[in-house]
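Below, each structure is written out as C-alpha cells.
Shared between the two complexes below is subunit A, which pairs with subunit B and subunit C, respectively.
This part shows the complex of A and B:
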C-alpha cells in the first residue's frame, strides 16, 4: 500500500510523540546498571550495586526478596492453572453441550464480564475475613482466579466455537462418548488457545497489585508488586535507582514473555474485549 | 430433555461454585452492607456491650437526665471475689485472705472509704499510699468500660446499678458496639459535599482520558498503517508496552519522570527552572499526569482494534483511490474513518465503562491528591472502605459508594448483550447430548 507516499514525515511525528515513553524505557535500563551525578542524567559509571537487594540481608520489617519472588511465582502459576482448567471444561459445555438454562448461563457470563473489581472487593475482603483466608496467599489466589475466570471462559469459548462440528460428529458416529470426544479430539484442536490463555493469566497474575494489597497486606503473603509499592511508599528514603532495579527484576519475566509471544498476546488483548 | 445431562453439569460445576462464592455473594453482600453501619470499630461478625466516656457524652447529648448519668458514671467499690483475685495477684494470697476476712462483700461509694478499708489490713499492710490507691482501683465496680458479651447480661447489670427502667433502652442502644441496620449511608451519600466532588472528578477523568485514548489510538493505528511493516511493528510494540508492564512498574516510570528529582525537573533546571514535583505541584499538574498515564495505557487497545479493522478494508478500495489521485488526508477522511465507525463506537463505550470503575493507576500515582483533586468515585469507595488514614474503615459507607458502580456494571452488561450479538452466540448445539 501507499508507495506513493513518503514515510519519513510519519516516522518523525511518531518518534516525537513516543519520546516520553522512549525516554522512560531507555532510562529504566540505563539507570539500573549505572550511577550518575546528582544533578545530571548522564551516567558516569557502570555498576551492579543497585541489585544488592538480591543478595544482601533483608532490612528489618521487610520480607526476603526471594521469598517474595517465590510467592509471586506461586500466585501467578496457580492462578493460570486454575483459570485454564476451569475454563477448559466450562467453555466446552457452553460452546457445545446442550443443557437446561443454557441461554441464562451465557447471558450470566457476559454480565460477570462487566463487573468491576471495586464493586466486589469490599465484600470479598469481608468474606475472606469471615472464612479465615484473609492475609493468606491461598485466599488471594482463589479470588484472583475467580475474577479472571469470566474472561478465560469467554476466550476459550471463542476457540471451541471455531472447531469444526464434523470432528465431533465423526467421533460420536464411531461410538465415542462425548467425554472421550472432548478429551481426545477437541482438546488437541484448541491447544493453542489453552496455551495463549495460560500465558495471559500468568502475566495477569504476575502483574496483579490491588488484590494482594487489599487482601494480603502482611509480609508472609507479599508479592513483588506490593513489595515494590511498599518500598516506594516508605518516604524516609527515596532512591529511584533502587526502585528501578527492583522494578527491573520484577518486570524481566514479563518482558521476556512479551518479546517471545508478542503477536499471540496482541491478539488475545484485542480479541478478549471484542469477543 | 430425555435424560439429564450429567456431563454438562460436571463440566460446569467448578465454575458455578467459584462464581457463586466470588461474584454472586459479593454483589449481594455489597447491597446488604450498604444498609449497615459496618466499620472497623463495629467489627463484622457482631458486637458486645460497652459503655465508655464518649458513650456517656453521646447519651448526655441525647438528653438522658443528669441523675442517671451520674449513676452510670460514679464508681462504687465492692470487695468481691474478682477484686480479691486481682489483689492476690498483686500483693499475695495472704493479703487477699485477710481482706476477705475483714471486708467480704463490703460496699463503699467513694474511693477514700475504700482506701480506709484497705488501711484496716494489719498482718499484711500495704505501706505506700500509691500502692494502696492502685489496690483500691482493683475493687472498682462500675458499668463504665466493662464489657458484656450478651445483651441480657448488660441489662442485668443496669438493674443491679439501680438505673431507672425507662432509661435502659437508650443506654443499651448506645452501648452496643456491633453494626446495626441503617439508611444513614444513603442519606450521607446525598448530603456530603464531597460526593458531588467525586462525581465531578470522575466526569473530568473519564472525558479527558477517553478523548486521549480514542484520538491517540486512532492516530497510532492510521500512522502505523502507512509505515513499512518493520517500523510499524516497532512503534506498536513501544505503545503496547504500557499495557503489558505491571502497573506498579509502569507508574514508577512516570513517577521518575515527574518527581522533583526526576527527569523533567533535572532537565528543566539546566535552563533555570526551579525543580518541583511535576506530578503533585498543583491539581492541574496532577490531572495532566493522570490523563497521560491512563491515556498512554488505554491507547493501545484502540490501536490494536483499529489496526485490525483497517487491515480488513479491501485493499482494492485504497488502491483505486490512489489511482484517482486522492492524497493521504483524503484517503483517511473518506475511506478509513467511515470504515472505522463501529470499532470506534465499541472502543468508546467499552472504555467509558471501564474508566468509570478503574482507579489502580490513580491510586499508584497521585493517590487522589493533591488534596482530593484527583479522587474519583471508585477511588473514593476504595479509600472509604479499605484504606484510609483515619484507620476506621467504613465498610458500610464504602459499600454504598460501590453500589453506584454496581449499577454501572449492570448498564455495562446490558450494553455488552446488545453488542455481542447474543442470538448467534447461543446457537443450539448440533449434537444433542
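This part shows the complex of A and C:
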C-alpha cells in the first residue's frame, strides 16, 4: 500500500481540518489552570483558584458541587444498571425464545430506537407530575433508562444472535434448565457486550442534559450538566473561568473512562463473541 | 438401551420432513443414519435427543415412552458437529458441567471426570480452554462430556465433518473403540458412507425422510435394495447402463451380450449397475472402449472408459497399468457382481 500511496498529504489535510478541535481542547485545559490579561489570549500566571468551587462553600442559591456530582453519579450508574439488566433478559427472549407477538416486539423495538424521543417530553412531564416524580432523581432515572432501552436491547440482541445454538442445545442435553443454560453458558459469551453497554449507558447518563433540565430543574436533583448551564444562565456576572473549570471537572471522568475502556467499547460495534 | 421409533412423524410448519418412520436400534449397537443432506437424518437425531418435538408417533427408550419428555430428562449424550464446547470453561469444567448440574459431590465429580478423561485420552489437556485445543482434541473433550454422566444413549451428529482427513481416520477408530468399551447404544448421523460403513454395526440409509434400507454395511454394499442405495454407497460410484432383455440374453447398449441373466420374460428394458471394481482386464474381454480420463490415486488408478456407443463405465485398477488417455481397451465384466434394476430403480 505504502508504495503507491503517500501518507504525508493525508496527514497534512487531517491536521488542518482537526486544528480547530485541537485548539479548543488546548485552550479548555490551558484556560482552566491560568489567568490571562483581559486584552490578550496569552496566559501570564498559573493558578488553581478557578477550581476553588471544589472546596469553597457554595454561593447562596447554588447547589453544592459534590452533591451535584453525587447526583450525576447516581443518575448515570442507576441508569446503566437498569438498562443492562433489562436488556440482558429482554434481548435473550427476543433472540432465542418463541413467544406470541415476537415479531411485533422486534418491529416496535426498531421503531422506538429510531423514534425522536424528544417529542415525548411534554407527555413525560405530565405523567411524572401526575405520579409525583417530577423534580426527583428517581423520575429522571426512570425516563432516561426507558429511553435508552431500545438501543440496549437491540445491541444485546445482536450479541445473543452470535452465540451458537449448539451451545444451548449442548447445555440442555447436559441436563441444565433453560435458566441455567442462560446464566452459566450464554451470559459469559455476551459478557463483552454487557460490559460495553454498561459503560455506554453510564456515559450517556453522565452527559444527559435535556431530561434533567426539563424534568428535574430544582437544586435537589441537579446534575452536572444542568449545574453547568445554571452557571451561564446566571444573568449579570458570567464567570467564564469558573464555567470552564466546572466543564473540565465534568469531562475528566468521561475522558478517563474512554481511555481505560476504549478496547471494550469497540466491542459494541464489532459485536463479536470472541472473548 | 434399545431405542424404538414407532410411526415417527416430524413436520416443520406445513412441510412434512419425516412421515411414519419405524426404526429399532438394538441395545449396545452402533447404528448409522446415512443419507444426503436434507434427507431428515439430523431431524431424526434431534427428535431422539428431545430438541425437536415429535408431531406423531412414539420414541421409546427400552420400554419407556420418552416422546413428551424434555431433553433434560432423557439422559442422552450428544456430540455436535461443531462440538459446542463451552468456550469460557476449560476442558475439565466442560466435562464436569453435566455432573455439576446434577449436583454430584465435588469428590465424585473429580473422580468421574478423570475416569472419562482416561478413557478418551485427554488427561493432560484438562486445564486447557477449547480455543487452545486442536480439532481432534476438542472432539475428544466433547465425547467425554457427552459420556461422563453415563447416558443411556450416545448420539453423534456428523462428528468427523470438521476434521482433516488424517484425524478423521484416527477419530473414526477412537469413537468406535470408546463405544465398544462402554457398550453404549449409539447413533451416528453422517453423509459420509465410508464413516458409516467403517464405524457402525448397521446402517439405515435415508432418502427424502424415509429409510430406504436398513442393513449391515457389507450387505448394503453387495445387495442394495434399489438404485439409490447402489448409487449412494461405493466410492468411486457405480455406473449404470441401459440394457435390453431379449430371449435369454441381456444386451448392453454397445451390443455386448450377456447369457442367461435369470430374468422374468416380462422384463424388457432394465438398468445394469456396474461397480468400478467389476470392470477390467482381469475379467476377460468383450467390452471395447477408449480411455477418456485417468485419475491416479497412488495405490489405485481410476479410469473413465467411453464405450463404442458413447456410454461411460468406470474401472478401478491397481496402479501400474500402462495406459494413457485416448488408448483403446478391451476389457471384461465380473458377471456375478452385476446389479440389475428395473426402470423405476427397484432391484431385480
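In this section, the second predicted complex is superposed on the first by the 261 of 275 C-alpha atoms of A that agree within 3 Å, B and C clash if a C-alpha of one lies under 4 Å from a C-alpha of the other, contacts with A are read in each partner's own complex, and residues count from 1 in each chain.
The criterion applied here is as follows: contacts are C-beta pairs under 8 Å (C-beta built on N, C-alpha and C of every residue); 3 or more make two chains touch, one makes a residue touch a chain.
Since we're looking at a predicted model, the values are computed, not measured.
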*So, does A:167 touch the first partner subunit B, the second partner subunit C, both, or neither?*
second
_Tell me the contact category for A:46 with respect to subunit B and subunit C: first, second, both or neither._
neither
*asked:* Which partner chains sit in contact with A:16 here, subunit B, subunit C, both or neither? Use first/second/both/neither.
replied: neither
*Decide which partner touches more residues of subunit A, taking subunit B and subunit C as the two options.*
B
*Which of the two partners, first being subunit B and second being subunit C, lies in contact with A:99: first, second, both, or neither?*
first
_Where subunit A meets both subunit C and subunit B, residue numbers_ = 169, 172, 273, 275
*Along subunit A, where are the residues that touch subunit C in the complex?*
164, 166-167, 169-177, 180, 184-185, 188-189, 273, 275
*Flag every residue of subunit C that touches subunit A in the complex, lowest number first.*
49-51, 70-72, 75-78, 80-88, 97-98, 101-102, 145-146, 149
*Taking the complex as given, what residues does subunit A use to touch subunit B?*
1-2, 4-5, 7, 10-11, 13-14, 17-18, 20-25, 27-28, 31, 38-41, 85-87, 89-90, 92-94, 96-100, 102-103, 105-108, 110-127, 129-130, 142-143, 145-147, 149-150, 153, 165, 168-169, 172, 178-179, 203, 206-207, 209-210, 214, 224-225, 228-229, 232, 238, 240, 243-244, 247, 250-251, 254-255, 258, 262, 265-266, 269-270, 273-275
*Along subunit B, where are the residues that touch subunit A in the complex?*
1, 5, 7-12, 14-15, 18-19, 21-23, 25-27, 29-30, 33, 38, 44-45, 216, 219-220, 223-228, 231, 235-249, 252-257, 259, 261-263, 266-267, 269, 292, 296, 300-301, 304-305, 308, 315, 318-319, 322, 328, 346, 350, 353-354, 357-360, 363-364, 378, 381-382, 385-387, 395, 398-399, 402-403, 405-406, 408-410, 412-413, 415-417, 419-420, 422, 425-426, 428-433
